[in-house]
Structure formats: C-alpha cells, structure tokens
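One chain, subunit A, links the two complexes that follow: it is found with subunit B in the first and with subunit C in the second.
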Partner chain A sequence: MPTELRHATVAALALWVSTATPSHAQLTAREVLDRVDANMTVTTARLTARMSITYREGDVRDLTFESWSLGTDQAFMEFTAPARDAGSRFLRRGNAMWIFLPRVGKSVRIQGHMLRQGLMGSDFSYGDASENPSMAEDYDATIERRDTLEGRQAYVLYLTARRADLSYPGRRVWVDMERLVPLKEEWFARSGKLLKTAEFGDVRRVGDRWYPFRIELDNALQADTRTTLQVLDIRFNVAIADEIFSLRHLESGS
Partner chain B sequence: MSDRKRRIPLVRLALRNARRNTRRTLLTLSAIMVAVAALTYGLAHLTGIIGNLLDSYARLESGHVRIRHEGYTERERFLPVHLNMRRLSEMLEIVRGHPGVTEALPRIRLAALVDGASVNRPGLLLGVDLSREERYLGPQAMTASGRLPRAGSPEVLVGAEFAEKLGVGIGDTLTLLSQTAYRSLGGARLVVTGLASSGIPYLDNTFLIAPLDQAQSMVDLQDATTEIVVFADDHTHAQGLAEELRKALSPEFKEIEVLSWHDQGQLVRMLDMMQPILAVFFLILLTMACLVIVNTMLMTVMERMREYGMYAALGMRRRDIVKLILAEGSLIGLLGAVVGGVIGTLFAVWLEQTGISVAGAARAVDMPFQGRLYPDWRPTFALVTIASGVLAAALATLYPAWRAVRRSPAESLRA
Partner chain C sequence: MTGWLQGCRVGRHGIWPVALAAVVTSSQLQAQQEFRARGYFEHQFAVNHTADAWRQLDYDRFRVDLDARAGRGTFGTAAVVFQLYRGDTEIDVRDLLPANLASDIDSAVITLDHQHFLNHAYVRFQPGPVQLTVGKQYLTWGAAWAFNPTELFRPKDLFEPTYEREGVGALSTTLSLGSLSDVMVAFVPDGAFDTSGKLIRARHHVAGFDLSALAAVTHEALVPAGLGIDPDPLEQRVTVGGDVSGELLGLGIWAEGIWSDHANRRWAEITLGGNYSFTDGTLVLVEGYYNGRGQSQNPYPVESWLSRLAGSSRSLGTAMFYASGSRPLGQLWHVGMSVLGNAGDGSLVLIPSVAYAFAENVDVVFNGVLTIGGEGTEFGTDNQGGFLRGRVYF
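For the complex of A and B:
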C-alpha cells in the first residue's frame, strides 16, 4: 500500500472513531460519576418491579413489590406477591432500615449482622438496599481503562470508598460511554475479594434519562442463588407524601 | 544340707531388707506411688474429656443417628429451612417403632434475628418437643431461673448471657425473624419465660429454646421438621441402625439422608482416631513413670553392692541373689502401686462428684464442650496402672541385680 494511501486510510479511521465516540468521551472520572448519578438517582420515583430468585435446584421464586423513593435518603418498599409475602414492608431513612412483617405485627430495625443477610432471601442484602444510591457522594473514582461490553463502549472506573462504614470498600463499574448508565459492577471487600457482580440490561429512555430496567446480581459467597430484578413500571418526579416514609406508615400500611 | 540351703525365705528376707533402711524404701515407694496415682487419674481425666465431648455432641447435635432432608448436611452452615421433611408424625411413628431406638426427637434449628429491648442480634432458635427432651437436651436442667415455655404458647427459654446482651429478662417479649420453609421471611413474638445456663458457652451466648409448634408455625413447617435426632439402645451400633432406618423409611420417604454420628462430621471420627493416639500418650506416661522407678531402684541396689558381695561370700548362689533383689523390688513396687492406685482412684472418684471447672477453656472452643469436666474412672484403669507399676519396679531391678552378681564377692565387698 502506497504511503500516501496508508496515511489517508489512518486519517479516515481516526476521523470515524472520533465522530463515532460521543462528545462526552473525554469526561473525568468525577464527571462520569456525576452523570451516572443524574441517571440513577431520583428526586421522587414510584416503581413496580419483579424480583426473581433462581435456586441451584432450578426452581425460581418470583416476588413483586412496589417502592417509593424520595431523594437519595428515603425509600419505602412493599411486597405485593406472592400471597405469603404480601404486606412485608421495608423503610429506609438515611442508612437506617426497618422491616415489618404482617405475621409479626411489629417493626424491627435491621442492623449489624442482619444487614449482610439477603433481602427476602435474594442476593441483594439489606445493606445493599439501605445504602445511598449516589456513588459520587460516597466514592472517589479513577478511570482504569476503556472497554467494550455487549457491543457498547464503556469507561471502566474503579471506585474507592471515602467512608469506612460502606458495605463495599471497592467497586469496579463499567459505564456506558454514550448513555452514562452502569452496564456492569463488581463489588469488592477490603481484602480485594470479589463479593458480588451486578449486570445491568434492558436500558430504556424514560423522559430525559436512560435507566436500566433489569439488574442481575450474582453473589460470589452464595453460590446457591442468582437474583434478577426486572423493573415493570417506573415513574419519576411523582408527588409522594412525606408520611409514607414514617414508622407509623410502615406498621399500618395506610 | 544343700537342699535346705536352696530354700531361702525370699519374701521374709526382702521384707527385712526393706525395713532395714526405711528412708530408702519410702523414697522408692513414693516414686512408684506418685507415678501410679498420676497414671490412674490421668486415664480417668482423658476418658472424661472424650466422654464430655461425645455426650454433649450426641445430646445437642447429632444423636446417634440423625435424619434430615437430602443435601442438608452439605449446606448445614446456612441452616436451610427449605430442606425439610414433611409428614413428620408418620415418620416419627416408623422411627420410634424400630427395634433398637430409644428415642426419636424432632428438632428445628433456625438462624434468627432476635430483636430485644434496644438491640437485635443473630441467634440460634431450637424448636423442640419439650416433653421428650429432658434426658437429652435437658431444658429443665439448664433452666437457671423462671420456667420452661409451654407447648402451644408463644413462649421461649433464652440463654442467660444472650438475654443479657439483648437487654431482656423474664416476662419481656422478643421479636424473631427467620427464613421460612418457602424461603420468604417469617417471624414470631415470643415471651421470655425462663433464662437458661447450659454450661456450654457457645449455646449460652446465642441460643433460644421454643416449643416445637411455635417454631413450626414461625417458619411454615406444619407437621414438618428440619431433623429427627435418634438415640439408640447401644450407640456402638449407630452405623448399623442408620442403615436399618434408611431401609425402613425409604419406601415412604425418598429424599432423606440418614447418617450415624460417625458420618455427620469430623468430631466423632476425630475422637475415634484419638483412641490410639491416647494409647501412645499413655505408654509415654507409663515409660516416664517406669524410668523414675528404674532410676530409684537402680540407686537403691547400686548402693548395696557390698551387701550383695557379702551374701555371695556367705555362699548364696547368684541366682538366689537375683531372686532376692527381684522380690524386694516387686514387694516395694506392689505396695507403692497399690497405694498409688488407691490415691489416684480416690482423687478421680472425688472429682467425679464435684467436677472441674473448665469454663475458660470451653469458652475458647467452638464445639459442644460442657463448662464442667467430670473424670470417668473405671476399675480397669486402677488394675492396669497397678500392674504396670509392679511390673516396672520388678523389671527395674533386673539390671542392677545383674550388675550385682556379675562381680566377684571380693570386688563387691571392695565397692
């Protein structure tokens, strides 16, 4: 190949690559996290989802729940199916979490050892559910490399916890370079041991944001199960009464 | 004349010799006595430790045979309630009617979050048939204050140390949350009726005992359980009984595992393996005791070389001198060993009544080890150690006796 032609080909490829890459490809790690938070955190939101727990024996347990969120601090969740789990409710305020089971008739604060247990037997722990969904507030980030995942270009960020009380001192996050939502996350213990892997899919446009409607979670310490969370319906910026996030509402449900 | 010379009154001579130097005799005797007493008690002590572990493990954990859902043992550390056995009453009827079965006890073990006054902690809830457990788990015996829960009532007995950590006492209500048989979340509110002290620290720090029906209702196990613990007439046939029960249950109950205590975990196998190790340990102790005896006997005989030279000079045959020394050693050995055996026995029997507090050591081990150790003395221990002491003393005289007679009388007299 003549030298001029080779140069022209390289220049054309470079131009194609530069135009194919989104305009925010040169973001810093902090800016990437801020934009991910903008997609993943809410002012208010109401969500209906199905949590499917697949067991080693092959059977699958489906649970359906509704949740209400206010900012990054407050959330309320109520299971609606199956019948034996209907009415089980969870309240999160800041890092504190309470559970109410109709058959017990009293709310119990979840703390200590229980935070590491699976929420309703799933791979999501109560600790996972009680943590601040904003990554930018709790983690420092560095861009490790760029990668391609499921055909999508991604930043690979490594996040280091700023506080000692977070469940995962280290996280590796694959962030879609175009949509700025997570595609995959690996959650690590202080020792560097991989604890959980989350894969995000079914990313849809909702209003002015992209949002993953499916999360598959694999707990490395609990080989018996795999949990898939499928969002059935989500509405952002809906009016929610403050009363929903109270212990009284947790126990009465009304 | 020569025939009369041969009939030497060995025992009388030996007794006279022993009495001639009381201090020397007492020294030899006390060395044998201490060694035999230590061996007698040591055997009872070691047997007590093994018995403590086996007894606690069988009563609290394994039984002689344990029946559970297939795959439960593999995932035991998660206490998987979803691996349970239905049609419990039918199953119990078959097991309790089987020859060689003394008792079959349904138990439900649950990992629970226990919410107390202001804190909650992980706990181990045992749902048991309280009317049948007294000889095994012994809930009444471990109730330090208050009373046992009643079947049919939402009540619970709590480990005293666990209750303290939860900040609750008798009359308070605990909220318990646990995974149900359907893997969802279940719970119950139970009133504390009593505080328990089992003497087994890992239990006292975490356990609660509730009537079986309360545990069944809490985790959706109606007419079901997570395990049946079986006790046999003769625990040495546990493996045979497990096989028989497997056959008896298999036509009706398919997905079950029936395991003898040997096959359930490391502990019983480890203790079985310990028997030859303990035998070697005992032999080492015996050898050390024998060396003490040999040493003392050697000194005793060597310092009497001139005396033996005198016997030879007076015409006593070498063989008779050896017999005399052997008789003297055996006599002192017998006396010292019997006294030592009696002392070791008395000490062991006394401690069998009072026990020895090993709570500090028990606290450090994560296994069913009671905080009070009782030695387990058996007549054979005293007989074996006394015989060993006599034999050691007798054998210990052979070398110095040989040394004494291989010299000429003149050499011995000059020694």
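For the complex of A and C:
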C-alpha cells in the first residue's frame, strides 16, 4: 500500500472512531454547552461567506463579506458585494457595534434597540451579529429531551439567559450528540414568543473541530424572507493584527 | 431648503473623456495591484412650488469611486462626480425668501449648470500608530442624527440627513491611543495660514459610551458673496465642544454640543436625541436642538435667511426638533415619515418617504416635502414638492 494511501486510511479510521464512538452520551447540559462552544468559538478566525436573502416572490439577493474574529468579543466585517453594499464595514467590541458608511465617510454607533434592525436587510439583526458566540458564558442550560433531526441524534437543550440585556432571553438548541454542533436553534422573546429559527447544515471537519458551513435563518416576524449564510472559506487560528479591531481601521479600511 | 446653495458649482469641459479614462484605467490597474472601482448612476426628478409657480428640475448624476492600496499601509481613494441638470435651472434667491423680505435684496440668480468635481481625493499613510491623510477628505463626525453642531465644514441637508456629502481639502494626522481612542489634528488650508482652519479632536470609549472633545479655529462669513446683499467679511470663529453616545435602559441616546465665539457673538448649540427600535423593525428617532444663535420667534432678518440658505447656520430658530419613524414593509420596501420643526414659530415640514430595493443594485426612493406654517416662519416659506430618485450601482 502506498504511504499516502496508508496515511489516508489511518486518518479516516481515526476520524471514524472519534465520531462514531458514543462518548458524549452521559454529558450534562453544561458539558454539552462547553463542547459546543469549543466547536463554535474561536481564538482567531478569518472567514469569507455569502449571505442569500430569499424573498417570498422567489427573488434572491446575495451579499458576500469577509470577517475577522478574535476571541468571543471582537469582530470586524466588510461587505464586498453587491456593489450597493460594498465597502460597508462593521466593528464589534464586546456588546458595542459600529458601522462605517463609505459614501458618507463616517462611522456610526449602532446602539440601543437599533440592534434589532436587520443586518443589511437580512433576517440576521445587528444584535445577532454582536452576540457573544459563547452560549456557556451567557446562558444556563437544561436538557429537555433527546430527538432525531435529519437522521442525526440530538440533545434538546433549553437555555435561559443569565443577563437581562441579551436579545433572546430563551433559546432551544438541538445539539448533534456526536459532533456537538448545533443542528437547529429556536430563539424566544421574554414572553415566550418564537422570534427566529436557525437551522445549521453542511457540517464539515476543520482541523480538530466540527463546524457548520451553512445557517438558514427564518424570522417569525418577517414571514416573507429567509436568509441563508453559506461559509465559503474559513481559517482558524490565523494571525490577525490588533489594529483590525479598531475604530481607525473601521474608518480607513487600509 | 437648508443649505440649499451648498455645492453649486459650474463646469462643462472634458466630462466624458475623463470618465472613460477612469473606467479604462481602472480595468488595467486592477490587474496590477489591489485596486477597486465602483460607483453609481443616479437620476432624480424633482418638483417644487416656489413663488406661486410649480417648477421641475431633474438631474443625472454619475459617480465613480476608485480605491487603491499601494503597500506599506498606503491607501489612495477618489470619487469623481458628473452631474447634468435639466429643467428650471435658474433660481432667484429672492424666490426662496418670505415675500416681505424679497424686495430687501438685489436679484441674485443661481444657475445650476452641468458640473463635475472630485467628491473626495486623498492619500493616507499609516506607517504605525500615526496616520497621515492628505487631500480632500471626509471631516465628518458627531453622534447626532440630523443636527450635528460639531460638524463645522459640511453641514447635513436637514431634509435628507443621510445623503452623501463632499470632502474637505485638508491635511490631518491621527495618533492611535488604543483600539477605540485616538487624537486627530487637522489643518484646512484656506488662503493664508492665519485664515486656514485648525482643529484637534480626541475620542475615547469608556463604560459603554463613546466620548469625543473638539476645539477648532476657522474663518467664516455668515452671508457669503453672491446672494444679493453685501457679503459679510471672513471672521475668526473659535469653537469647543464634543459629543457622547451610548445606551441607557435599552434606548440609544446621544448628546452633542459646541460653544462658539464668532463675529462678536458667543453662543451654544446643543443636540439631545434618542432612538428605539421595535421587534417588527420599526425605528423611532427623536432629536431636539438648541441653537443659541437663532431667534425664538419670527420675523427673522434677511441676513439670517441667507446664512441658512448658504449652510452657514443650521436654523433660524432657537428651539428645533427632528423626529422620524420608519419601518420595513417586507424587506424590499421601506416607508418612513420625518418631521422637522421650529418650536418657536410653530412651523414644520413633513417628509414622507418610500424606498424600494427594485433589484440587487437598484434603489428607488421617493421623498415628499409638505411645509406647514405662516408666511415668514422658518418652514412656512419653504417649497412644497418632492423628488423621485433612481440609483443603479455598479
């Protein structure tokens, strides 16, 4: 057997063993959240993605962007297409968020309930984009039941916000029992009303983690649209200069 | 309209050859370095009722933005704008004044001729924590939505605060003091060194709030030349001020203010505002503005009217307000209503708006202008009308 093929076989076996063994069966809710965070949060990451907004009439509008992330509370995003939105940039530092408007040459703080507005007309709100991706830091969790979703076994967790300022005081999360990534999430208002549903797909192995490359978001309050976020390229643990996450970079982009 | 005469300029020569050269050059340069070209074509059709007559004015506007990154933190950018007017392109300033004041000034006709200009054109060097920007650049700041007293060079059109504005020829340098803190010093050449603008602005983010402080020395004339009366001389204006914005109890809030000393007058301008967004996407925004240079009641002198038309002052009145509500209808349509008012003389303007994202790179916008107020009040004299605008991006 050629060396390359032998290595590939060993790697495939290792991958099969790591994913097929039901080693997560006895996890507590907190442990599940921690493992999900280990997959979904990053030390650093650079990502290119396409956001497709599908309208009731069947019309689809695509936006592409690049983003840079550092930990759970710093992110920078720049839209590159379509021409109307190219050059629009966002900076997130903790819960604070700013947008740069290229044709006005000015950055504006997105604050208060303005965070509920749709990000570039999508079903994602500015608040969604500014949320801490670590669920374990912001939510208490209980395991409600087990379920099967799209042929995959899943924990169903209900998350209760620890802080009053989070966009979604309640979340229900279907977590893949083997890969420990979310398969589906429901986001609730304080009243218990369902606000948004997110479905995760195209889960791929990237280095030592599983990561969903596609998120489909349905906003219950905007029945005529659906937004799909497709990751085109993602690289974890890349070197990113601190300057990227500054107001000066937001405004100059250079 | 406020600041109505800003940006009027004349020029007919060499428009299309320059545009073609820019586009051709862009495609060649794109292959050589990190280079980007984009822009839009815009057509606007407007009608308004002025001096007992309906007038129509439409224009074609073509803008090309060119950006280039040249390595080692060096960045160059420019935008060329070409604009062709049709319709009623000659406006007598007297038609924009209350009838009882029109006879106080000589006829002064402003001609909206074809024009082309650089909206901005600057080079930025950033070798380290210091950033140097040379050329016609954006000197825009201030947290307020409509009334930005700290914006000393290109005040917003209050009838459409979000529309793009021109840059200012300047040399500026910014020293980074951290990710969310910096100090900027700018020099705005205008004649001799003594009469040129100088300013320093510092900003900082602390405890969830954005703070800034500004000090500036500029030279201004309240009434510039060409408006039918003897222009005011350029006189030194000293301004200090700042702004703060953040979130309180779930509300977005901001405050912005300045104190000025100009032409033997000292006054303050203060804006307070806030916004709230409902879960269905409806955004409500309210802003109040105190202008210590304004008057609490009409009648206003002709000099104040001309100063406001020229954009030298933001309002005639002392107590102003701006409120707007907007919400999406689906995701392709957006409807809104703005109200701009003078609490002293009771006049106001209603600005209904409808925006439609016709295609991925096509926007269509309608704005109406409905003025309410007696003759001689701040908005009662303004024109009724509206515009329909289409824009195609590339």
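One rule holds in what follows: the second predicted complex is superposed on the first by the 233 of 254 C-alpha atoms of A that agree within 3 Å, B and C clash if a C-alpha of one lies under 4 Å from a C-alpha of the other, contacts with A are read in each partner's own complex, and residues count from 1 in each chain.
The rule is short, and it goes like this: contacts are C-beta pairs under 8 Å (C-beta built on N, C-alpha and C of every residue); 3 or more make two chains touch, one makes a residue touch a chain.
Being a predicted model, the structure only gives us computed values, none of them experimental.
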| item | value |
| --- | --- |
| Clash-or-fit label for the pair subunit B, subunit C on subunit A | clash |
| Contacts of A:S88 with subunit B and subunit C, given as first, second, both or neither | first |
| Which superposed partner A:S252 touches (first subunit B, second subunit C, both, neither) | second |
| First (subunit B), second (subunit C), both or neither touched by A:R103 | both |
| Touched partner set for A:A189, first subunit B, second subunit C, both or neither | second |
| Partner chain(s) touched by A:D242 [first = subunit B, second = subunit C, both, neither] | second |
| First (subunit B), second (subunit C), both or neither touched by A:M120 | first |
| Contacts of A:R145 with subunit B and subunit C, given as first, second, both or neither | neither |
| First, second, both or neither for A:Q111, with subunit B first and subunit C second | both |
| Which of subunit B and subunit C A:R205 touches, first, second, both or neither | neither |
| Partner contacting more residues of subunit A (subunit B vs subunit C) | C |
| Segment of subunit C intruding into subunit B (one of 116-124, 152-160, 170-178 or 188-196) | 152-160 |
| On subunit A, the residue positions that both subunit B and subunit C contact, one per complex | 53, 55, 61, 82, 84, 103-106, 109, 111-114, 117, 121, 224 |
| Of subunit B, residues touching subunit A in the complex | 75, 78, 113, 115, 119-122, 175, 177, 179-180, 182-189, 220 |
| Of all residues in subunit A, those that touch subunit B in their complex | 53, 55, 61, 63, 82, 84-85, 88, 99, 101, 103-106, 108-114, 117, 120-121, 224 |
| Subunit C to subunit A touching residues, read off their complex | 36, 38-40, 65, 69, 73-75, 120, 124, 126, 131, 137-138, 140-141, 143, 162, 164-165, 167, 174, 176, 178-180, 182, 203, 205, 208, 210, 245-248, 250-253, 274-281, 283, 328, 330-332, 357, 360-361, 363, 393-394 |
| Subunit C partner contacts - residues on subunit A that touch it in the complex | 53, 55-56, 59, 61-62, 82-84, 86-87, 93, 95-96, 102-106, 109, 111-118, 121-122, 165, 189, 195, 221-222, 224-225, 242-243, 245-248, 252-254 |
